[in-house]
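In order of appearance the chains are A, B and C, and numbering begins at 1 in each one.
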Amino acid sequence: MKKTLAILLALVMVFALAAPAAFADDEIVINFPSVWVGTDSKAPYMAQLIEQFNAENAGQIKVVVEEQTDYQAARDKLRTTITTGNTPDLCILDTTYDILAYTESGKFMDLTPYLEDGWGEDFVDGTFDAWNVDGKVCFLPFESAVFTPIYNTRIFEEIGWDHFPATYDEFFQFCEDAKAAGYNAMGQMAGENAWSSMLWYSLIAEAIGGKDVYADGLDNPAFVEAAEVLKHMYDYTFEGALSAGAGDVNGHWLKRDTAIYLNGPWWVANLYKEENAVDGVLLADDCEVAANPVYEGGQGEGGLVTTVQAFLAAAKQDDPAKEAAVVKFIKYITDPQHVSELALSSGAMFFVKYEPSPDTNVISQKLTEVANNADFTILHVNGAFPTAFSTEFPAAVSALVGGQVDAQGFVDQLKMAIEMAE
Amino acid sequence: MSETRLRPKLRGKELILAILRWILIIFFAVYTLFPLIWLVVSSLKTNFEFLAGSPFALPAKPQWVNYTNALTVAGLGRMLFNSVFVGLSATVVNIIVASMGAYCISRFRFKGREKIFTLFTAGILVPLNALMVPYFVIITKLGLINTYGGMILLYTAIGIPMSTFLIRGLMDSIPMELEEAAYIDGCGFYARFFHIILPLSRTGIVTAATFEFLTCWNEFVFANLLVSSEKLRTIQVGIRYFTNQFSTDYVSMYAAIVISIVPSIVGYILFQEQIIAGMTSGAVKG
Amino acid sequence: MKLERSDRGPLYAFLGPAIVLMLVFFVIPVIYVFVVSLLKWNGISAPVFRNIRNYTLLFKDTAFKRSVINNVIWALVAGFIQVPLAMVMAIILSRKPKGWKFFRTVYFFPQVISGIALAMLWRAIYNAETGLLNGILRSIGLGSVACDWLGGIKTAFPAVLIYWVFYVGYYMVIMMADITTIDTSYYEAATIDGATDFQQAIYITIPLIKKTSLLTCVTLASVMGLRQFEQVYMLTNGGPANTTSTMVLYMYKKLQDANYGIASASAVVLIIVGVLFIVCIRKLFEGQSEETAMIKKARRAVK
């Protein structure tokens, strides 16, 4: 017994102290914790891209990807590493609201000089007008997203609708018809992070408040009115939406018992999956892209809800050679040719100007069209308010729909959550 | 243990009690087996079946490909090894440290003894999520970031309060006279610990070890935080390989979970025999 | 045992490693947490001293108050319903009915199954449309009772609590191990005296495990109740309307908001509530080491 213990202990020591193999001295290593791995739609092409980059720069630069598949854990880890002064060489950030504090912390590389040196031309016009802190760009907007409804034309036909509702009044007429025919008009969820409901809330708020809906924060009465509308929508969703999560919403949509679906462009790939076809018909063949309906008396006509899905940011480097290497790699990722391929393979949208591949699927093309035709865009609430808003949203929406608070109380609850964080 | 209990014929009240007993036994068995069966069945579905079909229906055709996915794509093999290695190492070190500590606290009166024990017990309550930043700093400062050692050290440490608590609980119930007699016979500190107390607290040690190992096995937050090299990742990271912000591959994830629990269950069944062996040679209460 | 001079050296050597680990991984970090609980800090910008404002904010927040109440209920249910259930099963199985080894192993399974899987299963069981529970209710004509269990403001917390109460395997195994160490001759003596199994359990088994494994399990279960996080996070994420929130979940959400001050304050409150709980449990079990008549009699008979 004692002997085995001693051997075990010795083994532990040996293994424990064996550090991972060091790299060649003159090779610059870029560590890159990435969420574009695993089952993410961008994973296959990103892996290929990085491999290619490493091959082209063999012996000089090596990008080492740290796979982070769990988004929340990735965020937790990123924040901890930044807080403790161990900012990764390159990282992906999706919490829009934090970039002010992050930029001010001085822990990130200022990309402005490189962008002004011509690189900035690769990006969609006006990108940096919105995303700079006192003229400094440390966080490079990379992946974008538009949020606009997709609907199942087969269900629409079946209940006698040949077009998507143009106004919210009409929208609720449609909901009534769908309900009468035994269909869910749309999927809502107040469980998990209440993602679908939060998206609908953004759309309604846009339709009511228009371009300047965020001007006064949550004090804009549009948010109270939007809460009423959101609550009304819960009458036309599936049973159990208050505890539902993304799996439930997606399941119902795949089951073809839900007429309208709202999610980001990354979901388009699923519409084309054989696995999700019913009787040999792809879901995409029954799908059409719609615009956010107009709200009577609202100011949102022609508007579109978008977000920055991912920023790229690099840690501040003391070594100019390393800085150059990191910038080289970011430029490599954002190269229009590469982005075009990435868009084709993943369905995602980007802030880089690129020539869309002719092989792009129909739904993705239509989404791009909607994005290009918008008169103005506003951010998804998720990006427009501090993280505390999104954290509290599921609780607030279930309180609203469950009848614990009214629309004003719903907004107050969110305000209180934001105040606590400030 | 002898099997000489008298078994009179059951009748009346006793019969009802016997029936009640079996209802309970079977209820709990079904209740605990159900998740396992559901998990295995779910892991053989397609994602479409899982999301759009009834959650309790059988798959049309078992999808063994989910298992190949889990093993090859996520590289679970290496992760299983890491989990077993880290879990066992941390458990061994933890139990050694904790049983030595528990021995002192349980058997000796010295200044500050109760304070130390209160400190240990309070440690059980510390919500570790709040300690991400300090733990990251400590492990980095010790130069153990991204090593097995960092994980083993942290897991050893975070299990100390619980293990000490469990082992002390058992040591307290060992009669003082036993040790005093040994002391009079000239047994020193170490001899008493190794030859009397340690064998007699086997049940407590096994309980603590099981708990510690399961904690290590199921721990995710720090496994993800302290390690970035793929070579060192543990099974909990592997299970989450198939989750993603917007498109979780549920069925492959379930296959990964099934694969991840097989070693625990096998380990437990094997370990259990050890417990029984430990017990028959253990102290008798009364 | 009194501490002999010769024992002093070995004592320090034995206690040392545990103390060092406790200092480095608990005492210092907890002091850190306490300091942060007095700050307004997002982990990036310079921290601002806030005195006890985080604590006053905390107790103004209904979600936090609800979390504390939920945790206390959880700890009580764990200690005084779940553990007694486990004890009943431990007593039954230690009587070695047919297949007891099999059952003992099976009861322990939920402990080794990942929390994700358990939560997903119970989400499926409680599901409003396709759930097993509503299916059963509808098939026995109680369709009117069927509802969205995890989405209902009144039903969610009981639903989360109840399913979990019946996973007793871990505590059962601990108590079974303890019961097995009881001298069998006690039971034999009692049987000869005509005591039923039930009486033997009440007057021999329970008193003899009370201060050992029962106390351990009650403390352990209460602590687990106070630390409850993963199951709630996966099942309901604290919803609906924060009715299923717990202190650790609350803290976790504040960490997500990068609200380190409030998160740390809630951690401090959790530690205080927990210590109070443990002290109360110890008091409850103290000084009640009575020897029942049956034990005394059995002891005499054995001798």
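The rule is simple: a residue touches a chain if its C-beta (ideal position, glycine included) is under 8 Å from a C-beta of that chain, and two chains touch if they have at least 3 such contacts.
Quick caveat: nothing in here was measured; it's all calculated off a predicted structure.
Asker: Figure out the least number of contact steps between chain A and chain B, where 1 means they touch directly.
Answerer: 1
Asker: For the chain pairs A-C and B-C, which is connected through the larger number of C-beta pairs in contact?
Answerer: By the number of C-beta pairs in contact, the winner is B-C.
Asker: Taking each chain's centre as the mean of its Cα atoms, which chain lies farthest from chain C?
Answerer: Chain A.
Asker: Could you work out how far the Cα centre of chain A sits from that of chain C, in whole Å?
Answerer: That pair's centroid distance is 38 Å.
Asker: Counting only Cα atoms for the centres, state how far chain B is from chain C in Å.
Answerer: Those two chain centres are 15 Å apart.
Asker: In chain C, which residues are in touch with two or more of the other chains?
Answerer: Only 43, 127, 255 qualify.
Asker: Enumerate the residues of chain A that touch no fewer than two other chains.
Answerer: 76, 80, 83
Asker: At least two other chains touched by the same residue of chain B: list those residues.
Answerer: Touching at least two other chains: 132-133.
Asker: Hey, which residues of chain A end up touching chain B in the complex?
Answerer: The contact residues of chain A facing chain B are 5, 8-9, 11-12, 15-20, 31, 33, 35, 38-41, 66-71, 73, 76-77, 80-81, 83-84, 86, 246-247, 250-252, 254-255, 263-264, 266-267, 270, 275-276.
Asker: Quick check: in the complex, which residue numbers of chain C touch chain A?
Answerer: 42-45, 57, 61, 63, 123, 126-129, 148-153, 156, 236-242, 245, 253-259, 262
Asker: Which residues of chain B touch chain A once you look at their complex with the stated criterion?
Answerer: Touch residues, chain B against chain A: 46-48, 51-52, 74, 85, 88-89, 92-93, 96, 132-133, 136-137, 140, 146-149, 152-153, 220-221, 224-225, 228-232, 240-250, 252.
Asker: Spell out the part of chain A that touches chain C in their complex, as residue ranges.
Answerer: Chain A reaches chain C through residues 72, 75-76, 79-80, 82-83, 98, 101-102, 104-105, 107, 190-193, 238-245, 248, 386-388, 391, 394-396, 398-399, 402, 404-405, 416-417, 420-421.
Asker: Which chain C residues qualify as touching chain B in the complex?
Answerer: 1-3, 6-7, 10-11, 14-15, 17-19, 21-22, 24-30, 32-33, 43, 88-89, 92-93, 95-97, 103-118, 120-121, 124, 127, 130-132, 166-170, 173-174, 177-178, 180-184, 186-188, 191, 196-198, 208, 211-213, 215-216, 219-220, 223, 226-227, 229, 247-248, 251-252, 255, 260, 263-264, 267, 270-271, 274-275, 278, 295, 299, 302
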